[in-house]
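You will see two complexes here that share chain A, one where it goes with chain B and one where it goes with chain C.
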Partner chain A sequence: MGDQPIVARGLTKLFGDFTAVDGIDFQIERGEAFGFLGPNGAGKSSTMRMIGCVSPRTSGDLSIFGLDPSNDAAAIKARLGVVAQQDNLDEQLTVVENLVIYGRYFDLSRAEAKRRAAELLEFVQLTERSKSQVETLSGGMKRRLTIARSLINQPEVVLLDEPTTGLDPQARHILWDRLYRLKQQGVTLVLTTHYMDEAEQLCDRLVVMDGGRIVAEGSPRSLIDDHSSKDVVELRFEADQNEASAPALHGIGERMEVLPDRLLIYASDGEAALQEAHARGARPQSALVRRSTLEDVFLRLTGRNLVD
Partner chain B sequence: MPSTIDRISASTSRTPSRRAIGRTWHHALHVVEWQLMAFRAVWRSSVLTSFVQPLMYVAGMGLGVGALVNRNASSTSALGGVRYVTYLAPGLLATTAMMVASMECMWPVLAGFKWQRTFHAMVASPLEPADIVLGEAIYVGLRSLLSAAAVAVALTIFPATRSSGLLLAVPFAGLCGLAFGMPIAAYAATRERDSAFPAMQRFVITPLFLFGGAFYPLKQLPVAAQALAKFAPLWHGVELCRAATLHRLQIGTAAVHVAYLLMWIAVGLVATVHSFRKKLLI
Partner chain C sequence: MTIALRVIPPVIRTARRPQRMIERSLMVYRRTWIIIVSGFFEPLFYLLSTRVGLGQLVGDVSVNGKVVDYATFVAPALMASSAMNGAVYDSTMNVFDKLKHSKTYDAVLATPMGIGDVTLGEIGWALLRGLLYATTFLVAMVMLGTVHSPWALMAIPACVLIGFAFASCGLAAVTFIRSWADFGWVPTATMPLFLFSATFYPASSYGKWRPLLQISPLYHGVALVRSATTGTADWSILGHATFLLAMAFFGLWVGSKRLNRLLLS
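Moving on, here comes the complex of A and B:
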């Protein structure tokens, strides 16, 4: 088990009649960045909470560092770092106090907790805000502080539940950069996201979840290769004309997807497909040729968009 | 499912080992440390309030009501032959502890679950819900003691309320505070909003303050009201504090009052662990 800190078999979570996680299997390798990609309600957070030992599983097996969360929660949590979806910093305390007291929960001495806090504030670029009240920080700074706090016990695995939801693009890029550095230091990252760009940027491997099940698994590249074409042509017609325009374009490329606001043609050569569409008399308001993304994979696998 | 069976047998056969109790205790002290860290910012105003408020009661009630009561021989005998202000003063230790502990166990508890989610952050560390609850109990006990001590210091200013028994009354008041705090914390942890808290203050805490035996003997009340007042922890705390400052402590009676307060604390602790678990481990 040394190389796989987290292994799940038939992992299931029920809330009353509702099946949040429906018998999923996965294993996470040491040192990799592993992602759970899916829309809201796919079961990502429930899975993360079970791994974090704050949600008893209904059935199935879950092994973390070779231990069972239902028997050894404290021992497992001592080796995990957790960044929850909702901020849970202590707003009565200063930035540095938040880190020091959290270190104390892991039985660090006060001196050691202070030493690590200073180091981590440096790492997340908050040193000059060390004495500030948490209340005064921006959303991105709070997230970075939460990440610093999750590292106070020098965890082997860090769980990040939607780490950049609600942040502006610049704040997201700063955060991604810090997470990338962590990965380079050999920390195993486990994250959930409903942003395909985040998954593509950060994850070595990911599973696509929908309705509590895993519908695909692989690296971002292999998922795109397996489930989508190389290129995608996006055509936008006048309002309500997308569906009506579809029959004329039938047979171009490998596959077509009609969405309420646009029409997608999946093809190995996007430019050629677009020319063919024009040749058949299509006059879209806008046309765009781009590479396939995980968003397309998700659409293909579930028939739905990631972000509603 | 073998894993489910394993889990059930593991949880039923698990008896709290000495090591596990030691760990809970150790973790709880970290929670106390957290509370004190936050309290450091507000302790001056909090202690000052506990010091000034009893002075106002002693001055207002003692001078005003006391002058009327002390003039009447039958009233004085109903109070056990002491001046009104001497009778009144020890009750303020218990009522102050009750109010401070109740406050600490309403909004701050809900903040830990809803507004700041600090308890959720704690339970992601090696701390377990029971550790957090024990830490909260120790902190609320300390807060009750501290506020009662501030009242005691205020009471040493006047000869009529000064008593060596105050030293014993402070821990009695601390118990009284905890006996309120723990059941209220158990309740607060089940709430989604703070809408019930002001009602609790208006319809539980304030009536007890007025009818709980702090200002006059319970015998002045109708029998049904007496029974209600005796059910709540406050009267027992007031009786203990008063017996201490008037040097009338009888071991047997005191033991019954203490046992009754300990029962409230124990039931409150168990209920709080239950409601914290339900909120934090879902």
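Moving on, here comes the complex of A and C:
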């Protein structure tokens, strides 16, 4: 193990006839932020649950801290922090009690659990809400509390399953900032997301999953370089005219993608491509030249638009 | 030794920290202790009604050859029924929300806690509450003069055993419940038990239906508690206790297996 707390080889998960995870290989380095990117149903959460020792694998190898989840679940879980996709805070307890009892599940002494709870509430800026009932917290606060809770055992690896889904932009930025600080403290972050900006902000390295398989792997930058052009031209035509406008633009740039709401032309020189489109008589309602993003990589690799 | 161990389901054997689950319940009820105190008044009212009301109308009853007044006859049955109701409530209503809605157990299982800890911890909590209720019930019975033997103290462990049997089976049952609407079935199971377990009239009055009493777990519970509070225990209590113990372990097997399947898939 050494510098790779998590290593998977041919990792597979079946639910009846359905293959949720289809023989994937990956390894996660100590101290990095590693992302699983993919549309809903790609197998990200199933993979996270296997790593979290709450879902037995069907076949393949999975090693966490050099241990096997099917034999040493408790020992592995003692060193993990988990932020589940769905908030599962203890609604019958107050904010601080949530942290204290969680510490007790990890065998911390009562005094130590209380000490860490106070420290973590400070870290996620919830000290004033310490005595509140959980149900009175906003969505963003609940997520922050869930993250604080996942840190009570000072984990080496934190698993975050879609940590910012459903949050408003401000709440997301606060959360990203906290996660970034954790990473700076040397904590390994493993997260799933279907937000491209989140993946670009947080991940050193990521894999793109689709249909239970890994379809690409690399840093956000290298994925963009490998799987997309430098520039992208976005053309918006009148409703229902996007598809019809496509044939006239054929051959401009390296590749074209027709989405329900717009046309994307992938080109190394976006400005030149846009001029060519105008020269061919295209009259879009709006036109925009921008750099390629992970979203373009994602669309290309999964052949699918991002929908919740 | 090994055979004794085999009665215990595998996930239960690996439980290391079920007391943490009880600690959580204590944290929750620390604020709602009034609910627990109010549990004292329910038996008191029940007992008063049989003493002042029914007791005047119904004559004396014979228990294992000993003749006692009606209030003395009914009180232990009410005590046993209350142990059943408490255990069923604690292991169904109390568990269902944490299982299906608030996902409390999913969060617990992300820590070193396992299914065995959750199962034992929740049943353990039901038993602790049962112990408290049984103690207050017995105090109420002493105050109303329906206890005639120091053996009555044995009614408390008897009630804990009743609680164990019903809490385990309640936990097994709750894993099959899909929505709150299904809870309508709970009284369908407990009400006939409450009415037809030699609770309000002696086993002898059941006539040809008497053998059917044997399949009512509450009947075995009532028999245990009644023999304690009236001081008329004989060897038959072993059979009653064995029945309840078997039921408890059956529930433990089914419940822990089902929880495992629901929570760790």
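Rule of thumb we're sticking to: the second predicted complex is superposed on the first by the 307 of 308 C-alpha atoms of A that agree within 3 Å, B and C clash if a C-alpha of one lies under 4 Å from a C-alpha of the other, contacts with A are read in each partner's own complex, and residues count from 1 in each chain.
To be clear about the criterion, a contact is a pair of C-beta atoms (placed from the backbone, for glycine too) under 8 Å apart; a residue touches a chain by one contact, two chains touch by 3 or more.
These numbers were taken from a predicted model, which means no experiment stands behind them.
S.K.: Based on the superposition on chain A, does the combination of chain B and chain C result in a clash or a fit?
M.R.: After superposition on chain A, chain B vs chain C: clash.
S.K.: Identify the partner contact of A:G60: answer first if only chain B is touched, second if only chain C is, both if each is, neither if none is.
M.R.: first
S.K.: Just checking: does A:S229 make contact with chain B only, chain C only, both, or neither of them? Give me first, second, both or neither.
M.R.: neither
S.K.: Check whether A:T164 is in contact with chain B, with chain C, with both or with neither, and answer first, second, both or neither.
M.R.: Neither partner.
S.K.: Contacts for A:S245 in the overlay, against chain B (first) and chain C (second): which applies, first, second, both or neither?
M.R.: Neither chain B nor chain C is touched by A:S245.
S.K.: Which partner chains sit in contact with A:T47 here, chain B, chain C, both or neither? Use first/second/both/neither.
M.R.: neither
S.K.: Which holds for A:S70: it touches chain B only (first), chain C only (second), both, or neither?
M.R.: First partner only, chain B.
S.K.: Which residues form the common part of the chain A surface touched by chain B and by chain C?
M.R.: Comparing the two interfaces on chain A, one with chain B and one with chain C, the shared residues are 15, 52, 54-56, 73-75, 77-78, 80, 82, 84, 86, 88-93, 97, 101-102, 104-107, 149, 153.
S.K.: Could you pull out which chain C residues touch chain A in their complex?
M.R.: So the residues of chain C touching chain A come out as 16-17, 20, 23-24, 27-28, 102-104, 106-114, 263-265.
S.K.: Give the list of chain B residues in touch with chain A in this complex.
M.R.: Chain B residues touching chain A: 1, 3-4, 7, 10-11, 23, 26-27, 30, 33-34, 37-38, 41, 116-118, 120-128, 280-282.
S.K.: Which of the residues in chain A end up touching chain B in this complex?
M.R.: Counting only chain A, the residues touching chain B are 15, 49, 52, 54-56, 59-61, 70-71, 73-75, 77-78, 80, 82, 84, 86-93, 97, 101-102, 104-107, 149, 153.
S.K.: Quick check on the complex: what are the chain A residues that touch chain C?
M.R.: Touching chain C: residues 15, 52, 54-56, 73-75, 77-78, 80, 82, 84, 86, 88-93, 97, 100-102, 104-107, 149-150, 153 of chain A.
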